[in-house]
Amino acid sequence: LVSEVFNEGVLSGLPGDSAVGHVRYSTTGATLPVNAQPILVRCRGSSIALCHNGNLVNAPELRRRLEQTGSIFQTGLDTEVIAHLVARSPEPSFEDAVVGALTQVRGGYALLFLAADKVIGVRDPNGIRPLSIGRLADGGREPGWVLASESCAFDSVGAEMVRDVEPGEMVILDRNGLRSRRVLPEGQRALCVFEYIYFARPDSDMEGLNVHSVRKNLGRLLARHYPVDADVVIGVPDSSISAATGYAEEAGIPYEIGLVKNRYVGRTFIQPAQRIRDEGVKLKLNPLRKIVSGNRVVLVDDSIVRGTTSRHIVKLLRGAGAKEVHLRISSPPYRYPCYFGIDTSTTSELVAASRSEQEVERMVGADSLRYLSLSALLEGVGGGRCGPARHCTACFTGEYPVRVDGAGGKHALEVPHFPGGAEEAGGT
Amino acid sequence: LVSEVFNEGVLSGLPGDSAVGHVRYSTTGATLPVNAQPILVRCRGSSIALCHNGNLVNAPELRRRLEQTGSIFQTGLDTEVIAHLVARSPEPSFEDAVVGALTQVRGGYALLFLAADKVIGVRDPNGIRPLSIGRLADGGREPGWVLASESCAFDSVGAEMVRDVEPGEMVILDRNGLRSRRVLPEGQRALCVFEYIYFARPDSDMEGLNVHSVRKNLGRLLARHYPVDADVVIGVPDSSISAATGYAEEAGIPYEIGLVKNRYVGRTFIQPAQRIRDEGVKLKLNPLRKIVSGNRVVLVDDSIVRGTTSRHIVKLLRGAGAKEVHLRISSPPYRYPCYFGIDTSTTSELVAASRSEQEVERMVGADSLRYLSLSALLEGVGGGRCGPARHCTACFTGEYPVRVDGAGGKHALEVPHFPGGAEEAGGT
Amino acid sequence: LVSEVFNEGVLSGLPGDSAVGHVRYSTTGATLPVNAQPILVRCRGSSIALCHNGNLVNAPELRRRLEQTGSIFQTGLDTEVIAHLVARSPEPSFEDAVVGALTQVRGGYALLFLAADKVIGVRDPNGIRPLSIGRLADGGREPGWVLASESCAFDSVGAEMVRDVEPGEMVILDRNGLRSRRVLPEGQRALCVFEYIYFARPDSDMEGLNVHSVRKNLGRLLARHYPVDADVVIGVPDSSISAATGYAEEAGIPYEIGLVKNRYVGRTFIQPAQRIRDEGVKLKLNPLRKIVSGNRVVLVDDSIVRGTTSRHIVKLLRGAGAKEVHLRISSPPYRYPCYFGIDTSTTSELVAASRSEQEVERMVGADSLRYLSLSALLEGVGGGRCGPARHCTACFTGEYPVRVDGAGGKHALEVPHFPGGAEEAGGT
Amino acid sequence: LVSEVFNEGVLSGLPGDSAVGHVRYSTTGATLPVNAQPILVRCRGSSIALCHNGNLVNAPELRRRLEQTGSIFQTGLDTEVIAHLVARSPEPSFEDAVVGALTQVRGGYALLFLAADKVIGVRDPNGIRPLSIGRLADGGREPGWVLASESCAFDSVGAEMVRDVEPGEMVILDRNGLRSRRVLPEGQRALCVFEYIYFARPDSDMEGLNVHSVRKNLGRLLARHYPVDADVVIGVPDSSISAATGYAEEAGIPYEIGLVKNRYVGRTFIQPAQRIRDEGVKLKLNPLRKIVSGNRVVLVDDSIVRGTTSRHIVKLLRGAGAKEVHLRISSPPYRYPCYFGIDTSTTSELVAASRSEQEVERMVGADSLRYLSLSALLEGVGGGRCGPARHCTACFTGEYPVRVDGAGGKHALEVPHFPGGAEEAGGT
């Protein structure tokens, strides 16, 4: 935990007046200290720290080219490709070297660079990964500036949200305050819609929308489109509680705490094998028998990836005496791999990739299963009228905002990534 | 975390077919490995492991006597007194030696002893601390037996609740299954009422009651007795969510998620100084501005101990735009120190010990503050008609079920204890 | 290493003006932190630290009795028996309690006790284990006092040797300086002769004799009694170098460095199995081919315990081209187990217990093998005329200065001990 | 210690059939794991491990050039420059890439590269640093090959010395056995003469000479040129014992063990400050009073660098009662910094750089001080007639075998190095 590494003693001993940090989950194979971020490199005569939220589609190809011409890589991270491109740039200024490097990469990213005299933040041209600007006001003094993937981080340090970094915008924080440059041609806007559905914390705001409110709204839409006669609505903690309360209110069915989460059991996704993951669910979630027993239950979840978790929860509820279990998913079927920062491995692991709604219903053992439709989702995330232009919905549609043909080889590298729970998602 | 210490590799390497474990929080001064439980002693020619949930009132006096006559203590735990009494017992059988030791101690306890060929569980004569029996059914084989402070532990391992251990009962698990002996004269029944209010996990059952349901019921009673005109009801996560939903339902005001908890910030109570604790609250809880802003808020909390946390949350909500904050506490004013396992330090730290409801209201800065009455509490925990006879309510009334005159000196010993959150309470 | 544990930072942070320390090797099975010394116990209302060099013959019997009457042991050390006897003593003063405890134990020991206001040192009635007094003179101030197993420790801290503690003497260091009490009836004097032969550092003095000089003298006697026609004399480093130079001088044969020791290879005796020990010798010692090749070699060693090391060294020398290898041992055949602090395990492991000189010669593969006679040894350690009365020579004669009938069971306890090299021997 | 890192368990778990290792002391500032060797890099599509004994004179200049053109360095080691040069080489074969890299570096080095299918060893064109070839014969099987800085390593693993690697020679070990290529133009032969004087272990052979024998010979020459009327000859352990026995034999004065070394005190040169180093000497060496007291002592040491150690030892001997102390140094005055692998920091720290023999004599407090002359040294290392052509004696003469003008900046990098004791010197 960050709070264990950076305890009071360590924090009070840190010199300097600027810093970057990163919390990024890696998968089993690559859980190595060397792959932790920020990465720290000496290049161009000084030291640079670099954090990267997201994924570069053409990293394998760029790395191969760099290695062939003499670069030595120290990590398995796609992020290191950026460091080498910066190191090699002929541009005399560091800012321009970063710009030069970024014109060569393709993908989704929010990047932070810490140099001796400045912090630079950049967001990819499509704005796939989020990045926000906050301000620390402290009496009469000059305000401080903060950049974070999610605005909830500002609340923790007493800063206030100013605005999102724009797609393709570079923000420079130095002695003179904050400066902005548009450095990359703006592409089609495509903020990852899964940030709303699952990744972001409910107390964060993005594009002016509060994540909890969006989720509650998705729950309401789900109830409106797929009502069911039931006694109680429960949500899968923690990420689906918002949607579940929305469903309950709209449906007029009591919302109840039907599943209790054991906070002290290791997080399932860091467990190595599927077998252990399944055991993990059992240890982690406990049904409240008093609430469930003898009742017809609406179970709201935000998404189904592999299907194994859903199957287990349905089984847990039946074991606790549920008469019926109606599963309602507050997003469309997850059918296509993501290349921009979510680890959904291969298509073959996605239960909905090759199965109809009915087949998944049977597979998870629910009395009924309904997914939110794409159009309802788009309506719920505050637009709808503008269509797929505003968000990346590639995991549902297969329409990627960036060319992904080079990404096939990405698993050849040990690219760490950060699948997570709503509050567990890594962020810069 | 237990899951970090006992990972798959460690667990699979453990020999034997019986085990005891303990999770017990200690305060700052005594966070020493030597004070961790189970304690392991060689006595009477073999090795004994011993876990203890609770507190012995006369431990300092017994320890002084034992030291004077030649016993060497290795820890600061009151639990070690029991080990020495067992070691000195002239009784030839281990069971009888335990009984002999327990006739000399006074206090609240659930105890587990692991010997070479058996596990022994005992609950104090008043049943102040809880202890339950579960059964592991595994096909046609002999069932396994499990003892735990809370029944939610049974769900995690696939066992089912059988019954509570009775006050003064000794339960012996060995090759022949489970055997019961009444070994201590049963006193006035006095299960700690704070288990229902705050300590226990909502998915546990005690005395046939589900903890979540009791809490929800307390919330309903609170709404019935102390209604208020408001727009939204929110609870302090995690322990007050159940009561908040009860309040909301009874009052007909929407329940909302208004405070988001950062799961990754260190738990406040292990922080050394009050200053840090206060900062801790800020880092840990984040108000959902969208929910709170412009609204009249009913804030439900389970109890007020020092008052500082409440004051901060009220301030957080006002900072997030709450028009009014009405604090409703689902238990009576906490006025007297506990000597049976909850660390409430000295009377001087208890904000309600010397202040009226109005004074506390002013101190925490709420627009209104109401505590649940003692009679409503007793009604809510499933009795009421039987009065204080059924539960220990000493922290509210000062009437202790066990003589506590020897307990004044308890702080002379470094007695670790386990203040905690609802799901963080230590347990055997 | 002590210098790694007590580095500059740690040392400068230690409060107080008195201290005790101990370096004691334990065997494989019991290399546990809990068995490290000093042991620290709370007894009689305060804390006591206790160091013990040596071995108690009747510890198992005493421990059994103490456990049966309620004492709880935390370690496998015989030393802990003393702590319990002190804890149980009815004597009001700590000094008298120590005396009372020591009247019940039998064996060889140098003991140091650190209490809040004094340091107490005691030596066993026969003086089997050594203990010396040193004085730290520091200008005009009061002198400081130091107790150590070997006088070389005084040189390290700038103290000077005053005298040996007498057998059965108790020395008390407190605010008033040094005080002496005769507390145990003096027995037959019996300082372990192996301290001279192998244990002690060459720069230590005992009974007014310098260890290096004694060893050199033993080498001379060996040459006088068992001369041989040879080209070069070499010693097994480090403990036999002194004897080898004595042999060379007396015989008029050049002394040479023929075996080089690798200082960075793990010490052989801490290796678990015999197989590894043998490999260890090979890694640790390297013959100097230039010195050995084509020559008739006198190899001087201080003793032969199991014989395996000798066999390997002879083999190493032959492999390096030695024409002849004549082994000369500067002590008599080691035939009987030691119960007073040297781990010689069981009689069956002592190669000379059941073999004649000729058989051992054949077993180790030397061209000739000669042991120093007992009378020559006694002459060499500065007396001879007084016979066995002055030193313990039980390992050669089987005549123990203390009744050892209770010691048979000592291996039932995990009694750590300290076999070692000349400079590696543990000491208080 | 290597034996602690690579214990039995670790060793038995290592896969593969080839390996490289390195023991290299670093100075305080740079004692970082990242600067430990071997360094491991991914370059040219596969992984390479690289060990380097020695120092590159033009590393700072090469590094600056590489960084300016986009290389990212991970360590402060000059060795990493070689890795980058190899990574950038256009040569298709790995062997040729290594050759291409080495044509660009200047300095003294023995290098080992471990690639997937081979081990490559190279020695610098002047042969400044040593490197030897050994063979592991194992019955009828194919022999194994070993490369090591010193031949004593062969004895440890049961291999036998074959020959030295020639200056400028590359040796390739692969499935087909050993292959040799001359890859660099052979320069003037210049093996570091300090290897004979101090660095190497006495049981190693170089250029067909045994190190112990050379040292003993230097001691004889010292006695012949600078005799003195004395009672006893003692050497500073461990590196000067050989020379001291030579002096004693030639002079006909008894050689004695007059200084005992505490093996368990931290090695002086890793201590941070001069003050601690001086204390270190006191703790580490203990004079044998019996030997020294009342005697005229010849103290033989191999060299004087800063002079502080010598001053302390002279003082120790006088404190132990020496009537006279005559210091004899088995090498000429150390006057010039070394740029090829010995850390002698700056000229200002070399006591002889600006002082005459008489001034140093006074500074160290000896009754007399004599250094071996350069011509006697050259005679002693087996040549003399061939003059300075055969060995690097730059530390005595200032005549460097390689241009060192670029080396001025070497301390700008954190270049770890390995000052050491005779048996403590790092080596490949």
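Should a chain be cited, it is by its letter among A, B, C and D, assigned in written order, with residues numbered from 1 in that chain.
Note that in this section a residue touches a chain if its C-beta (ideal position, glycine included) is under 8 Å from a C-beta of that chain, and two chains touch if they have at least 3 such contacts.
Only a predicted model underlies this, so the values are computations on that prediction, with no experimental measurement involved.
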{"item": "Chain D and chain C - chains in contact with each", "value": "none"}
{"item": "Contact distance in steps, from chain A to chain C", "value": "2"}
{"item": "Centroid distance [mean C-alpha coordinates] between chain D and chain A, Å", "value": "55"}
{"item": "Where chain A and chain B are represented by their mean Cα positions, the distance between them in whole Å", "value": "36"}
{"item": "Distance from chain D to chain B - Cα centre to Cα centre, in angstrom", "value": "65"}
{"item": "Chain B: positions in contact with at least two other chains", "value": "none"}
{"item": "Chains touching one another, given as label pairs in label order", "value": "A-B, A-D, B-C, C-D"}
{"item": "Chain D residues touching chain A - in the complex, by the definition given at the top", "value": "41-45, 67-74, 83-84, 87-89"}
{"item": "Parts of chain B lying in touch with chain A, wherever the complex brings them together", "value": "1-4, 8, 152, 155-156, 158, 201-203, 205, 210, 212-213, 238, 241-242, 245, 249, 254-257, 260, 262-266, 276, 282-283, 286-291, 423-424"}
